[in-house]
Each structure stands twice: as C-alpha cells, then as structure tokens.
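Shared chain: chain A. Partners: chain B in the first complex, chain C in the second.
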Partner chain A sequence: MNLLFQQFVNGLTMGAIYAIVGLGYTMVYGIIRLINFAHGAVFMVGAYLGLTILELLGGATPAIGIAASLLIALVVPAVICGGIGAAMDTLVYRRLRAMRAHPLIPLIAALGISLMLETGAMLIWGKEFKVYPAILPTWHFTLAGAVVNSAQLILLMTCFVMMLSLHLFVQNTRLGRAMRAASLDPNAARLVGVNVNSIILLTFVIGSALAAVAGVLVGLYYGSVNFRMGYLLGLKAFTAAVLGGVGNIPGAMLGGLVIGLLETFGAAYISGEWKDAIAFIILITVIVVRPTGLLGERIAERA
Partner chain B sequence: MHIPAPAQYARYFGLALVALALLPAARPHAAEPILIGFSAPLTGDAAGSGQESLNGAKLAVAELNARGGVLGRPVQLAEGDDRCDPKDSAIIAQKFVASGVVAAASHYCSGAALAAIPIFRDAGLLYVDWGAVSSKIPGTGYDRLFITIYNGAQPGIYAADIAVTKLGLKKLAVVDDRTPADVEFANAFQKHAKELGAEIVLAGHVTQGDKDFNAFVTQVKGSGAQALFTSNYYAEAGLLNRQLRDQQVTTVTICPDTCMDPQFLAIAGAAAEGAYSVSQPQADELPAAKDFVAAYQKMFGKAPGYIGPYSYDAINVIAAAYAAVGKVDNEAAAKWLHGLTKDTALKGITGPLYWKADGTLPQFTFSVYQAKGGHMQFVSH
Partner chain C sequence: MEIALPKQVRVGLTSSWQSVPGIIRYLPLALAAAALPELLHNLYLRDICTYIGLYIMLGMGMNIVIGYAGLMDLGYIAFYGIAAYTIAALTAEFDIAPFWAAFPLAVLLAAAFGVVLGAPTLRLRPDYLAMVTIGFGEIARLAFVNLDAVTGGPPGITSIPRPDLGIFQVHTADQLYWVIVAGAILITWFTQRLGDSRIGRGWAFTRDDEIAAEAIGIDTVRMKLLAFALGAAIAGVAGSLFATKMTMVAPESFTWWESLIVLIIVVLGGMGSIPGVIVGAIVMVSLPELLRDFSDYRMLILGVSLVLLALFRPKGLWPAPANQAAIAAAMGAVRRTPRAALRTPTSETTATGPLLEVFGASKRFGGVNALADVNLQVFPREIVSLIGPNGAGKTTLLNVITGLTPPTSGALRFHDRDITRSRPHDIAALGIARTFQNIRLFGSLTILENVAAGLHCRSRAGILSAALRLPSQRAEEAAIWSRSLELLADVGLQDRATDLAHNLPYGEQRRLEIARALATSPRLLVLDEPAAGLSGRERTDLMQLIRRLHAKDIAVLLIEHDMDFVMAISDRIYVLNYGRRIAAGTPDEVQNDHAVIEAYLGRADDDED
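== the complex of A and B ==
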C-alpha cells in the first residue's frame, strides 16, 4: 500500500509539471489554433535561466537567504521567458497571421524557433549537463509511507497555486473574459471591442512564464539540466493538452495529472522502458477515439 | 621495403584520413625491421586515449630495441589513425597488409576492430587487441587473436563478485537501459551473482535520456534490495542515485566504469557518496607496472592514464611469441600463445597473460573505486 501511494506521489509530481507546461500549449491553441512547438524549448530556457540566477546569487549558500533567492530564481526566468514568448508572437506569429499564411507555416516556424532556442542554449550553456546548486534543505516528511522531499513539496505547491491563479484569472477578470471570448470566436470578440492581438500576446506571455517556472522547478527537483530536456517533456505536455481537450484550460491540468500518473504506474507495473511509449499510446488513442479529449475541445463549442 | 610518406597517402585516398608514419628505429640496424601495425584514434573525440595507447606501444618498442630487438631484428611501429571509424580502420588494415606489417597491436574502438579483423584474417596477421572490448571481437572466431584487456561482460561478473563476496550482500537489484553493452553487463552480473548464492530481487529497465526514475526507485524500495547494479551511462546513473536518496532508499550503488565520469559525481551530488565503480585500473595501481610508470613519465613527461599499459603489453606479447618460436611465423606464434597456461603465463605489467580458446583473458584485474567526499577513490583490486 505505501508503495502504491509512493508511486502516486511520483506520478503526481511529474503530472503537475506536464499540466503547467501543457497549459501553454492549450491557451495558445485555444485562440489561434497553433500548436506552438517552441513551447518545450521555452521551458528548457527557463530551467537554464533559473540555474544562472541561482549561481549569480551565490549558489548553494546565497547571501540574501534561501527563500528570497528561490523567489528571484522563479520570477526572473518567468519575466524573461514571458518576454521571449512576446517576441515569438510579435516577431513571427503575428506577422504570419497578418499575411493570412497557410496554417502549416506557423507550425514550421514554431519548429524553427524551437531549434533556434535549443541550439542557442547549447552554445551559451554548453552541451554537458549543468548541475543546479543544492540550495534546498535536505528535508523530507513521510506521508502514509510515501517520502516527500522539500523539492517535491515546493514543486507541487507552486504548480497548484499557479493552476488555481490561472483558473481564477481566466474565470473572474475582464482580461480573462476577453481571453475566453477570443477563444470562442475571435471575430465576434473583435466586434465587441476585444483587442484580439493583445489577448494573443497575453496568452503567449502567460504560457511562456508558466513554462519557465516549470523549468526552474524541474531543475530544482532533478538537480541537473541540459539543452535537450525540453523536447520530450514538451511532447508529453502537448499530449496532456490533447488528452484534456486541446484549448481547454482545466482540461490541460487534468490531462497532465492523468499522463503523469499513468506513466508512473505503467513504468512501475509494466516496465520502465515503456514509460514514453505509454504517454504516446494515450496521445494516439485520444486522437483516434475521442479527438475532443476528456473535457471537450473548445472548438466543439463553436460549431 | 618502401613505406610511403603521409603525403602520398593523402593523394591515394583523396582525404588525409590515413596517416601512416614510421618511427625511426631506435638505432641503425642492418637487419630488416619487424613491422607491427598500430591503429587507434589519434585524432577526434577519443584521441586522448589513442595517444596514450600509442605512447605505451612506443615505450615497449623503444625498450625492445634497446635490448637488441627481436630475433636480432629491430621492431618498428606502423601507425594508423582510425579515428574509431570502421571505414578508416579497414583502409588502414589494408595498408598494413600491403606494406609488409606482420602483426597488429591495435584498436581502441570495437567498430574499428571488427572492420579490420576480416582483413587481418585474410592476410594471416597475428592480432593483439589492447583496447576494443566488445564480445563480438572474440566472437569472430579468429584463432590468431589475443586480447590484453577485459572483454564483454567481465565488468559485470567482477561487480557481482564485489557485491556478493566482498560486501556480503545477498539481495540485489539490477537495472539496464536495453543498449547492447549495458544488457550484456547486467545479464552477466545477474548470472554470476546467482552462482555466488545471491538473490536477484528486481531486474528493471529504464530509457536512455529519461530524467525521472522515481517509479523504478519505488520498486527498488519495495524489493528490499541491499545493492543496485546500474550499467547506465553517467547521466542516468547520477539521476538514479539522486532519486534513490530522495526517496530515502539506502541501497549500495555499483557501476562499471560509467561512474568514473566526473559528471556522475556532479549530477548525483551528495547522493553519490559510497557508490562503487568497477573499472580497469590506472597504471599506477598495477603492482607490476612500477617500472613502466617511471619509464613512461621519463619518456613522455606525464603520468600514464588508463590504457597505455595494455598497448605496452600487446607489443611485448607479439615480441615474446616470435622470440619463443624462433622465427616470425604467425601460425607457430599463435599456437605457442594458445599453449600458455596459468603457470606458464607471460608476466605482463597488467597481470598474467594467457588466453582462453577464444582469445580472451580468463582473469582480468579490475580496480574498485568508491565515491568519497566528491571524488572516486581507489579501494582495492
């Protein structure tokens, strides 16, 4: 029993990361029907930025204290990656939209941006693994036989706070309502005075900032980063978005948690090398059997 | 005999990939030299090891010639830079044969060795492999092949000895990443550990490039294993160690030489403490290599690393065989080498040298290292 619960905690941790990264895919897709494949690379850049900031603040023993330097290492990468997201939209996707380009073209541009970010990170930070400073206390507690350590706790709490805040933001604020409106029907939203381009920019900024925070959390949790870390994780987060119903914000959260749990239980009770296969079997099954995902795709509402 | 200069090779092959050069004989000699082909990666990613092995071979040749050569003839090396590339290796092997090379002391990479073996076999060369370790090499069945380094699964067998006999652990877990060499190590570890009376409580698999092994770690926790043998590369081995300690699992980690990589210690951090690594010894840990270490230091101005002693022994194996049969006759020399036993073994600096029928060493002396205070420290053989 306690092993089962430990596996549940393992899966939940992975799932929370998939959910946060998956949100970026789903929010962008919800409005402009673009699968932004550069999103995984933004996550990776965030992880590296967090590392660099922690090192600048003094590594494992920062002068300003652990809590303050952790906060800076989460916020600054979020701001910088939010900027990268904004740049992606204004420099590339918005221009392609203005040209009314074929939907395939932004997709290829996304792959290009992804490669550019990966190669850039490799040139800046090197090909080898980079190790995060051991800043977190080596503290853990045992819950129903499952060990939860400090990195895991911070990761889970941060992810759930971010998910909740995003949900409240989208449901209860004017901007959130504008986002939902743009997602339902961009043209109608424009008619009632929503600046759709600003809303799209905002989704890129929010999605990229969330991905950056997820990157830093992964760096803290696993302790090392490399320039390829965003690729597979991005694909799985995308799977999470599809599973939940692409374009559906609560769907991505649910999808992420489900993928994380299924993958972990699959690895534990089938075999470890099936882990990646399980995630993608889910992807294909959902696409074939229930293309609208668990909670339904936004596109269905529009029809 | 005419050995062309490197520039002519460049013309022959279009690319200057093959650089055969001859060392001048240690002193002028009337007799025709015995040519030994030395093919290794002298440039490229593995060049460091290739150059170290070349130095070991050069030292052996210099010492032989200082003693008057073999059968009154000087020994000369024909060098080839195979860059670990099978294509380059095959071209070099053909050049060896064309230029009158009678024996080869060659290869750091198994791919390069496997490409050269058919050519060596057709020409009847005596072949001593000092660095390529794939089990496919003895698997070629060439009866003039002798290996001076460990082969195939031997590190896995030795690691099982350490776990069961030295550390007295009886409940063991194994993990591999399904790559061929990795599986070979893991299977040999399991087989030998069972022979020694231990129980394999868990055999798992993970994927190369994955970062999250928590599901497997929880299985280790549930299996009650006292030790985990991981033949994964340093990145996965490092993360695995870290996640074991994160879940408060206290198994002893045992790896082959993958954990000797400094990146293993960096990635695992404090969780690496106490991990064992089974590796081929450094030259200065070999009891019979004291003179070699001093001579190497004097000749090249630096300490020998891991591979030089094996190429040094390879040259001496060839020389000893020709001297014993009294002529440069590969059939007789191979027969004589096959006839060696534990009692009549050649005294190599890396240990006693005699061979099983497939050309592998019956026993190989590994070194055991343990991570202490952020370093891999030598424990014992």
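== the complex of A and C ==
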C-alpha cells in the first residue's frame, strides 16, 4: 500500500513542475496562439542560473544560511529569466505580430530562440550533466508509509504558493482582469482600452519567471542539470496545458498534476521504458476525444 | 531595324515555353549538378549530395503538407523512420523480402500511418495538429528504441542489403547515389505538377479559407488527409532509400531535431516554393559541414539565423511566386487545347414539387433558440427573400440549409434528397451554392482561381492524371479556365482575371463571390445580404444579374435589409423574428401583415402596457 502512496507523492512532485511550466505555455498561447517552444529552454536556463548562484553562495554549505541562499537562488533566476522572456517578446514576437506574419513564422523564431538558449547554456556551463549543490538537509518524514524528502516538500510548497498567487492575481486584480480579457478576445480588449501588447509582455515575464523557479526546484530535486533538460519537460508541460484546456490557468494546474501522476504510475505499474510516451499518448487521446481539455478552453474561436 | 512582335505571338512563345514540362527544362541542369561529385571523384562531396537528395525528397513531401495544404506537421520524420525500419526489418532483421518488394510496403505503411494519425486530428485547429504530430514523433522514436523484437532496440538493425532486382542491381554507393538523385528529381517533378493542378488548387483553397472551400463543394478533410498521406508516403520513399544507403538504421536518426531540419528546409526556402525547397535542402545539409570547425557554435549560428530569417525574410530565401504568371499561361493555353465537359449536379428533374424544403428546423446555441420550428420552401426558379430584424436567425437558417451548422432538430430536403446531416461540400455538390455576409474570398489567390474554385466539385482529375498530365486532365484544365473566364465575363471582371482577389474593391468582391458560387452550377443560389454596401448603380446591376438567373433555371434564396430591393425582386418573402417564422407570402401580403409591421415598428399599443 505504501508503495502506491509513494508513487502518488512522486507523481505529485513532477506534476507540480509540469503545472508551473505549463502555465507559461498556456498564458502565452491563450493570448497570441503561439506554442512558445523557447519556454522549455527558459526553464533550463533558470536551473543553471540557480546552480551558479548556489555555487557562488558557497555550494553545499552556504555562508548565509540555507533559507536565505535558497530564497536568493529562486528569486534571482526568476528575475533574470523574466528579463529573457521580456526580451523574447519585445525583440522578436512583438515585431512578428506587427508584421502579421504567417503563424509558422513565430514558431520558427521560437525554435531559433530555443536553440540559442540551449547552445548558449552548453557553451557557458558545458555539455555534461552538472551536479547541483546539495544545500538541502537530508531530512525526510514519513506520511502514510510514503517518504517525503525535504526537496519534495519545498518544491510542492513553492509550487503551491506560486499557483495560488497567480490565481489570486489573475482573478482579483485589475491587471489580472485585463489579462483574462486579452485571452478571451484581444481585439475586444484593445477596444475597451487594454494595452494588449503590455499584457502579452507581462505574461511572458510571469511565465518565464515561473519556469525559472521550476528549473531551480527540479535541479534541487534531481540533483543534476543538463542543457537538454528543457525540451522534453517543456513538451510535457504543454501537454499538461492542453489537457487542462488551453488558456485555462486552473486547467494547466490540474493537467500538470494529472500528467505527473499518470506518468509516475504508468512507469511504475505498466512499463518504465515507455514513461516518456505516456504524456504524448494522453495528449493525442485528449485532443481527439475532448479537444477543449478537462476544464474547457478560455480562448475565443477566431474565424 | 527591329521588328516588334505582335502581342499575340509573344504570348504564344511564352506559353509554349511554359508548356514544356518542367522536368525537361531543368533535367539537364539537375543532372549536371548531380554528376559533379562523380566527375571530381570526390566521395565526401558525393555523400553530401546524397544527403541533399534525401532532404530534397523530405522537403518536397513536407512542402505538400505545410506549403500546399497549410498543415503543421512537427513529427514528420516519424514517417521516414517507419519506412526505414520497415525496410530494415523485412530485408535484414527477418530477411524475408528483397528491397524492391519491401519498398512499396514501406511507402504504403508510412502513408497508412499518416492516414491513421490524420483522420481523427485533421478536423482540429492547426496548432493542435502540430502538438499531435510532435507527440506522434516522440512515440515513434520510443517505439524504435523499445520494440526490440522488431527494431533491434537502441543499437538498431545492421547489414541492410542494397536494392537488387533482376538485371537492376545496385551494389555500390555510386549506383545508389544515382538512384537517390533520380528519386529526388522524380519527386520534385511530381510535387511541382501536383501543385499546379486541380488537386494543388484544392489545397490552396482549403488553406486560404476552409469554410469558403467547404461551402463551394471541396471536401476539405479529404484534401487535408490526402496531403498528409502523400507527405508521409514521400517521407517513406526517402526513408527506404536512407535505410539502404546507410545499410543500418538506429533510433538516433529519427529524432525531433530531424523533423525540425525538414521544417526549416521548407520555411527557409519559402513555403510552397519548389526551388525554395531545393535551396533549403542544400543550405541545411551543407551549412553544418561548412561550419564543422565551429561545431560548438554552429547550433548557435543556426538559432540566430532562424530568428533573423523570421524577422527579415519571413517568406523564405526563394519565395513561391504569386500565381499570376501561371494563370496567364493557363489562359493562353486555353485557346489551343480541346475542352472536356464538366460535370453538372444531379440530373434534371422535371418534378414540379419544391426544390428545397425545410421542415421544423430548430437550432439552439446553449440556452438561445436561434431558430425555432421554421418551415420554408423554395420552388424551382423562384426568387425567395428572407427578412427580419437583426438577430432574427436569418443567417443561422442559411447556415443550417448549407450544412455549416447542423440543425438541433428538424429536417431538410433538397431535390428529393434528405440533406439534414450532410456536410457542406456534399450539399454544394448537390446544387446549393452560397455567398457570405462578410465575403469570404480566397484573398491570396487570383480572381480567376477564385472562380475556378467553384468548378472543383465539377471536375475530377486526381493525383495520377495531374502528375502525368494525361490528355483528359489537360482537356479538363482547359475547360475549367475557359468556363471561369466566361463566368468572370458574366459579372464584368474578365479584365482583372490575374489580379489577386484581396486587391478588388468591395463591390467587385461581392460580384466575384457570386461568380464563384455560380461556377458550381447550382440549382439554388443562397445569398447573404448581397446588396449590403453596394452603390445604387451596383444594386441595379445585381438585381439584373439575379433576374437573369431565373432564365438559367436557378432559384435564389436571399437575405437582405434593403426593403426596396427585396420588394422589387422577390416572388415570395419569409419573415423571421426571434428565430420564428412570423409571416410568409408575396411582397404585398407581407407588407400588409400585422405581425411583420409589429416586428419592424413595434406594437401600436406598446406604450399603453
């Protein structure tokens, strides 16, 4: 019985990451209909930035204490990656929108940015897996027979706080309302005075910052990072967004958790070799059977 | 002294050059380029050229999918891999068939996977297709890694034999090189001819405006599936040749990155452009070779180049030309080619009953009754108007009749056939054509092609006859162009045949849309606010055009807000309000109907309530 619950905890952990990364995809897709392939690479850059910062702070035994260095290692990559997201939008995507380019063109640009970020990370940090500083105490507790270690606890708590804050922000603030409006119909939002371009910029910044935090958390959880880590995880995160309903923020959260759980259980009870295929089989099934996702999409049909 | 050629003669010369098959025009050049590595005895160069050949094939297949049909396939390499593994399994792993027997099987299997994947997903939004194909590509790669019994697992399958069939034996890499060059030339030729045919135009119409294409009789799902399957089959040809060239297959040849390279080849060259694909393949194969010394930086350079390409040359290095030149050539060729008869809709019935009957049609959108229990009839050669305040459900009724929105309940009969659940393109083929309130032309295509779109469902040339340019296909093409010109002349647009549709002024766009609808030789023409936005003069012309249809045995059902227009032209009028039919009759009857006056002007006792 406790193995089952252990798988549940493990699945929940990955699911939270898919959800957080998936949010970046779904928010951007909801407004500009772009599958931002560079998003997975931003996640990877965030993981490396966290690594560098932790090393600068003294590696496994930071001089300023665990809590403070953890906070710095989460916040600084978020800020830098938020900047990368902003640069992506203002330097590339916004121009392409202004040009009214064919929908494939932004996709090509996204692939180009993704390559730039990945190769850039490879040139800076090297091709090999890098070991993350083990700053977290090797501490764990047992819950209903399942072992929850400190990395999982911190990861789950951080993800929960981020999801809740994002939800409250989107539901209760003026900017959040503008964001929802832009997602439903950018043209109508523009007509009622929403500056859609700055809303899009904001979604890039928020999404990239969230991805960076997720990257650092994954680094802490798995203990190593690599410049290719963003691609597959990014695809699965987008799958989570589609599963939940594109453009639907609670949907991405739910979708992430479902994918994480199904993948972990599938790997444990069906076949470990096919683990990475599970997300895509779910994706194809959902798109064929229920294209609006579990919670429905929050985007307007544009003829 | 220079003698200027008369215009006629010059057109003749150009069109005879145009009519020289592309393969003969470019074959010497292609062969010369292909022979270069052989002449230089350079094995390295030959290898690179072999890869260029394979990627040209892949690029051509992808060009059909993305360039012609506008579908995003990001897992394209899976089909290449499926065919390569089929060859490997049949010729080496199980050793049960020689290459040339396994080859058609491999190609068919790749196409079959294309159909199986495409059939349920091609109805969806294009970006969902992108996701599904990425997922499929990953699943295929994992299958190559994990289905050890068939695929040999991570190390793959080795010692695949070279092609061998009777006297035609390919032993050396040199010979195989020529097979691949020939394959690339053949597929290029095939793709180019297909693009310039009825099928290619069908893809262009589907890509440009799916709803308009359906409404004039094009089975868009079938067109998309055809593109997807053909693309997969071409990837299958390339994959088979790849397997035998390498004499081994392994999963790492079929990664997402390979799909991307093919996508980049097409976009880099210019979507839909044949020379673009060739340029793209040459660049994408040789650039990494040239940058070999900067191996760590070459992906960075590629990434930067892609972003710069997107920003500064979004149409590619060698964009597909607008169709104007090709259309002009087709028009020139019309004069010299015998014409075939185009099909017409169902045989003439002399029945006196109604042409169209709507029984109790209802349509609900969520909680809103857009249509409630509406009955309507249109008799042959009748002009019937549908009027009512905004939001009365008029356009919904037209959408129900033309199959764009199936009714929630009720039934429709056209020509004694039940069309309640028919798809729009079937209804169009049966003889109902329509225009749209907000004009849906194929804006990026020429005016002549827009009209020719209406003839798509009245012509039949398929892939094979288009590729071989059989006499029947050429006669049909000639008939399509000459009929289109006639139809353009009917609406006075013949002089602008080669202009792009989105460059037409508003009133002429409306006329062009009517000409396109008439091209389907309908029995019933459905017009949604045809006079909206027209000048007084244009209105009179439109009225005359509609009256002329009467003589051609075409009935008209139209929505219009201009009451003078409606009263002058209609035989009968139906009035809708809040989704219900509130009156029906001749213009006189309707004008004096109390319910109608109330609906338009409000009830006299409203104030007293």
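Heads up, the rule we're going with is that the second predicted complex is superposed on the first by the 299 of 303 C-alpha atoms of A that agree within 3 Å, B and C clash if a C-alpha of one lies under 4 Å from a C-alpha of the other, contacts with A are read in each partner's own complex, and residues count from 1 in each chain.
As a convention for this text, contacts are C-beta pairs under 8 Å (C-beta built on N, C-alpha and C of every residue); 3 or more make two chains touch, one makes a residue touch a chain.
This one's a predicted model, so the numbers in the text were calculated from it and none came from an experiment.
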What is the contact status of A:G272 with respect to chain B (first) and chain C (second): first, second, both, or neither? first
Contact breadth on chain A, by residue count: chain C or chain B: C
After lining up the shared chain so the two structures overlap, which partner does A:V192 touch, if you call chain B first and chain C second: first, second, both or neither? neither
Just to be sure I read the superposition right, which of the two partners does A:Q6 touch: chain B = first, chain C = second, or both, or neither? first
Per the contact definition in the header, classify A:R33: touching chain B only (first), chain C only (second), both, or neither. second
Could you tell me if A:M229 is touching chain B, chain C, both of them or neither one (first, second, both, neither)? first
First (chain B), second (chain C), both or neither touched by A:G120: second
So, A:A98: does it touch chain B (first), chain C (second), both, or neither? neither
Touching A:G112 in the superposition: chain B (first), chain C (second), both, neither? second
Can you list the residues of chain A that meet both chain B and chain C? 232, 271, 273, 276
Could you list, by residue number, the parts of chain A that touch chain C in their complex? 29, 33, 35, 92, 95-96, 99, 101-109, 111-120, 122-123, 231-232, 235, 238-239, 242, 271, 273-274, 276-277, 279-281, 283-284, 287-288, 291, 303
Which chain C residues qualify as touching chain A in the complex? 66, 72, 120-121, 124-128, 130-132, 134-136, 138-139, 142-143, 145-146, 211, 256, 260, 263-264, 267, 271, 296-297, 299-300, 302-307, 309-311, 314
Chain A-facing residues of chain B, complex: 175, 177-178, 204-207, 209-219, 221-222, 235, 238-239, 242, 246-248, 263, 266-267, 269-270
Within the complex, which stretch of chain A touches chain B? 3, 6-7, 10-11, 13-14, 128-129, 131, 134, 138, 140, 147, 149, 151-152, 218, 222-224, 226, 228-229, 232, 263-265, 267-268, 271-273, 275-276
